[in-house]
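You will see two complexes here that share chain A, one where it goes with chain B and one where it goes with chain C.
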Partner chain A sequence: MNQYYVGVDVGSVSTNIVLLDSKDNQKLSEALYIRTKGQPMESLREGFKILQDKGYSSEDILGVGVTGSARVLIGHIIGADSIKNEITAHAVAAINRYPQVKTVIEIGGQDSKMIILREGVVVDFAMNTICAAGTGSFLDQQAFRLNIPIEEFGEFALRTVEPVRIAGRCTVFAETDMVHKQQEGATKEQIVAGLCEALVRNYLNNVAKGKSIEEPVLFQGGVAFNQGIKNAFEKELGVQLVIPDHFNVMGALGSAILAKEAIHETNKPTLFKGFEIMQRNHLLKRVECRDCSNACELTEVTVAGEIVAKWGDRCGKWQK
Partner chain B sequence: MGNGKNKELLAAKIIGIPRGLSYYLDNFSWEEFFEILGYRVEYSEDSSAETFAAGNQLAGSEQCFPVKVYYGHVVSLLQKTTNLFIPQYTSLEQGTYCCPKVIGLPQLIKNTIPQEFNLLTAEIDLGREKFTKGNILSLARQLTWNPLRISRALTYFGQNSKRLPSKIPEGEKFVGPSRDQGKNGLIGVVAHQYALQDSLLNMGIMNRLGEYGFAYVTSEHYPRPESPANPGYFNRRAPHWDFGQNILHAVQGMLLDKDIRGIIFITYFGCGIDAFLEEIFKDQVCDQKPYLGLTLDEHSGEAGLMTRIEAFLDMMIRKEGKNRHAD
Partner chain C sequence: MQTKITFPHAGEYYVVFKDLFTNLGYEVVVPPSTSQKTLDIGIKLAPAQACLPFKITLGNLVQGIEKGANLVGMIGGKTGICRLAYYSDMYQKILADNGYPVELLAVKAKKEFWLSVKKHHPTLTLRQFMQTIRDFWRKLVIFELIREKSLAIRPYEINRGDSTRMKGRFLRQLEQTTNATELKALKQEIIQGFAAIPIDKERKIIKLGLVGEFFLLIDQFSTLNMEEFLGNNGVLLKYSLSFSEFFVGSLKQKRFLDNYLPTHNNQVYKYAQKYITRPIGGHGRESVGEAIVFKQKGYDGVIHLYPFSCMPEVVASSIVPRVSADWGIPILSICLDEHTGEAGFQTRLEAFTDMIKRKKYPFIAEDE
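Moving on, here comes the complex of A and B:
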């Protein structure tokens, strides 16, 4: 009988779940990529349902790791053994797939990252700071505006050799620029290719500034699917990008490995509450704590009228 | 005002001092100074979300986060007293200057806060002793007729105002502060003094370090050398600003300090001083010690901030683990 570690990455655009074979760190038994659509709980319920339908049982799960922007929320609800940030998760996964990796470019929905590794250890990293112009959501929006399915976005970019130049510093300006270029007669293909270049320029100026990019360079995250972006990167950097298999679930893979590490370290049984837990009705609420003038915003989770978790306070009194 | 003619000011016998920016310079006890002149000092409360909300309405949008919070302190103090003391620090030693926002603070506040109040101020340029003394004298004269009190206050200022913050015990000056290493190691936290002291401004980052098993020392523990010297380590001219020099010297000290595993630099959007320093650090610190620059403002989301700090600390913990396995 096979046993597994579950890795969950709940991000802004997609919710990813992997099952990692407990005996073999290279073997992914399942890799799900589900659109979050602003509802992390719903998408996770959907994912767990798929796993249950495929015949996986909660008893075979040895540990669970969670990452992504909703990691704390989801970790509290499903009972995670490891709740880790996306950078660590992506780095761990990159090392797992490609031990000699020196640079990781990861572009997700909400943020984009660069991770610098040497000899299998993270030595430096950067994340986009203020602006979303270098992320997947930006492409998502523009694809929607141009009425192109996001899956075909990259191909569109490849069909032209003359991209137009689009200001990529800010999504609002980029859109103004796009409209302007369209009115001047640029084709959809030229605009899409121009957008890919703008995103790459923005990434290199904001996130990768001052970092020494050495090969091998891994390109992961949902945006790695986009051939147009890959080409733009290779043109700008003058290096070949490696796209790992499972590039779009690397965060989830990393958190599964981190869960395995955590279980081995503590030697305790998993905290996982089972796939069934998501079938119960979790009521989420944002409440403002009125106990002091800091007025922290708290997240409160209620199941059947009973508060099961509450966090988000600076002083720590609710987290216990 | 002038020569103690302001009846309202004299009658109240209370002077309010907002707790922000120059308050944290810690080079001189204004409270005692004003007590000698016969006044009681009221301070504003700890910074909170309310402080910021109040300040943000009045401060211009181009101001930095710490200045906006300072406005909030002024607003809340004005509910207690209409006498406010806002010192005008222009320089802490010859040849260097405070940041323009700190220099212009009294006028900035007076001209943008609609409520009427008595502004007490004095330009303090510690590189120019006579000039500063003259300003302190006219400040004292506004507050009392009593020549004895004035002369005592003046003497007090002369004896106690220091060029540099010097809370650091003598023995620590060279070997660094005595320290607890934490379970996972020691982190150096670098920032302007007001940011280190005010947990609204630093968003409780230091507490988070503790939660992850790290101890920390702040840049306050790495004072500048007695005489103004170039921080030779960075092989460049000393910056023009007092605060910038403090930070550069602190980072130099931390880089040479074997116990410190990584350095976190907290800065704010729109800070001209830090913008220069950040570039130097990105260039020269990264190669030597793990370095994390955090640029904050009122929009900073806790989530993104925590992701960065967590990743930074994880990086060090995992590195150590790897080294252990290698042995």
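Moving on, here comes the complex of A and C:
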């Protein structure tokens, strides 16, 4: 009988779920990539349904880890053993896949990160600031505008050797620039290639900011699917980028490993409430705690009239 | 007309300032606790390019004035070589433009402060004034003791929230305390109270130093309750600067001594010398130097906080990566502004603490 650790990464663009074999840290039994479409709960329900349909049972789950922008919400609802930020999750996954990795470039839907590692330990990291110009969402939008399916975006970029120069500093300017270049007669391919280069420049200016990029460099996150970006990075940096086999679910893989660590550390059974929990209807409500002058704003989750989770308090008394 | 004074909240420091003004003979109006509403007022009235501390303090003042104050106590007045020097003029102008004509009282360790107070209260003697300052100082020291104790205990506490509750209780007690004897007794009570909190000494914690812009170091609203968030995540925090040090540091005599004697600041400047050779306003030079001092004292990392558009700290933030590389100390620079979302802020803090923890306690990372 196989047992598993579940890793869930609920991001702005995709919700990823992996099942990690409890005996083998290298073996992913399942890796799901589901579009979030603005509804993290819905997408997770869909994911859990797929797992159930494939015959996985909640009893075989030894631990659950959650990461991504909706991690706190989802973590409380499904009962996670580890709720961790994306940087730690991605770093752990990268070390798992390539123990000798020195740089991780991760570009996701709404944020992009760079993680610097030495001898399997994170020594520095950076995240994009407020602007989304260097992220997947930007590419998504532009692909939509150019009427190219996002999956083919990268191929378009490869079909030209002469990308046009597009201002990458800001999404709004980039768009103005694109329209202008189109009017001047640039082809779709040239524009797409130009966009890829703009995104890479933006990433290097805003995220990497002069950090020393040493090989091996791992490129992960949904955008790693895009060959155009990979080429643009390699051209700009002069190094080879390695794309791990599970590049788009690395965050989920990392959180599965973190869940395993958490379980080993505490030596307690998992808090997981089972795949079935998502089939029920969850009602979310914001309430104010009036027990002291802090007046914390709490998030309350009710299922069939019963409160199943409550958090957001500073003193911690509702989180038990 | 009776003068009613209000002043910026400055975290929980209002407890001590309220006392200072009361003892100087003013009627005091404490503005409501800093909230989103405070910030909204500040954003509306302040120039868009002004820094977060300015917006928050301006909001505080408006809320105080709406409660009936007609005099504004401002820390610093027209001193300093960052934009702080303009703040008193800007407050006055902005407040007047919006229908709140108020007078300003510059609170600082200078003769000017005594003269302004004397103008309001002609019967006040210099002796009384000095006594009030002494009492204020005693209270300030106790206040900072409470704060420091809560920071030192929080990462170890077994029942989450113990140290926060204890801090709240003692702050209320401090607010009621008036004389030196009571204050002495309270000090003992504080030491015993915090020592009685059940702790887990074995917990794997890390020690982080905080440097950066002064207001952000004392105000928990603008840093989204970072103190508690980090404390609950097993981080022992230490601020590089407190209000008492801020006041002492502004004395000319102290600055003179720092140039020649091996004082703390002298060390700080010495370390900063390689990167910043002269004062650049605010605490820009200190941020760089203090980060290195934290490293020398064995801290695991440093968090550098600065408000968006703060000139001295922007300079410091561009030097910080070099300091980090030269001295081998992880430094996280965080820029705070009115739009800072809690989630993004906490993600960075958590990732930073994880990074240091996993380095310091590598066995956590092992599988079996």
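Keep in mind that, in the parts below, the second predicted complex is superposed on the first by the 291 of 320 C-alpha atoms of A that agree within 3 Å, B and C clash if a C-alpha of one lies under 4 Å from a C-alpha of the other, contacts with A are read in each partner's own complex, and residues count from 1 in each chain.
The definition used in the following text is that a residue touches a chain if its C-beta (ideal position, glycine included) is under 8 Å from a C-beta of that chain, and two chains touch if they have at least 3 such contacts.
As the structure is a computational prediction, the values presented were derived from the model and not from experiment.
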* Asked: Touch check for A:269: first (chain B), second (chain C), both, or neither?
  -> neither
* Asked: Given the touch rule stated above, what does A:125 touch, chain B (first), chain C (second), both, or neither?
  -> both
* Which partner does A:260 contact after superposing on A: first (chain B), second (chain C), both, neither? -> second
* For A:99, decide between first (touching chain B), second (touching chain C), both and neither. => neither
* With the two complexes superposed on chain A, say which partner A:85 touches: chain B (first), chain C (second), both, or neither. => both
* Spot which of chain B and chain C makes contact with more residues of chain A, would you? => C
* Structure fact -> Overlap of chain B and chain C contacts on chain A, residues 69, 84-88, 120-125, 127, 129-130, 209-210, 292, 314
* What residues on chain B touch chain A, complex-wise? -> 45, 48-51, 199-200, 204, 207, 269, 282-283, 286, 290-291, 295, 302-304, 306-308, 310-312, 314-315, 318-319, 322
* Okay, in this complex, where on chain A does chain B touch? -> 69, 84-88, 111, 120-125, 127, 129-130, 209-210, 292-295, 312, 314
* Considering the complex alone, what residue numbers of chain C touch chain A? -> 160-161, 164-165, 168, 225, 228, 232, 321, 324, 330, 335, 339, 343-344, 346-348, 350-352, 354-355, 358-359, 362, 364-365, 367-368
* Structure fact -> In the complex, chain A touches chain C at residues 25, 69, 84-88, 91-92, 120-125, 127, 129-130, 209-210, 257, 260-261, 264-265, 292, 314-317
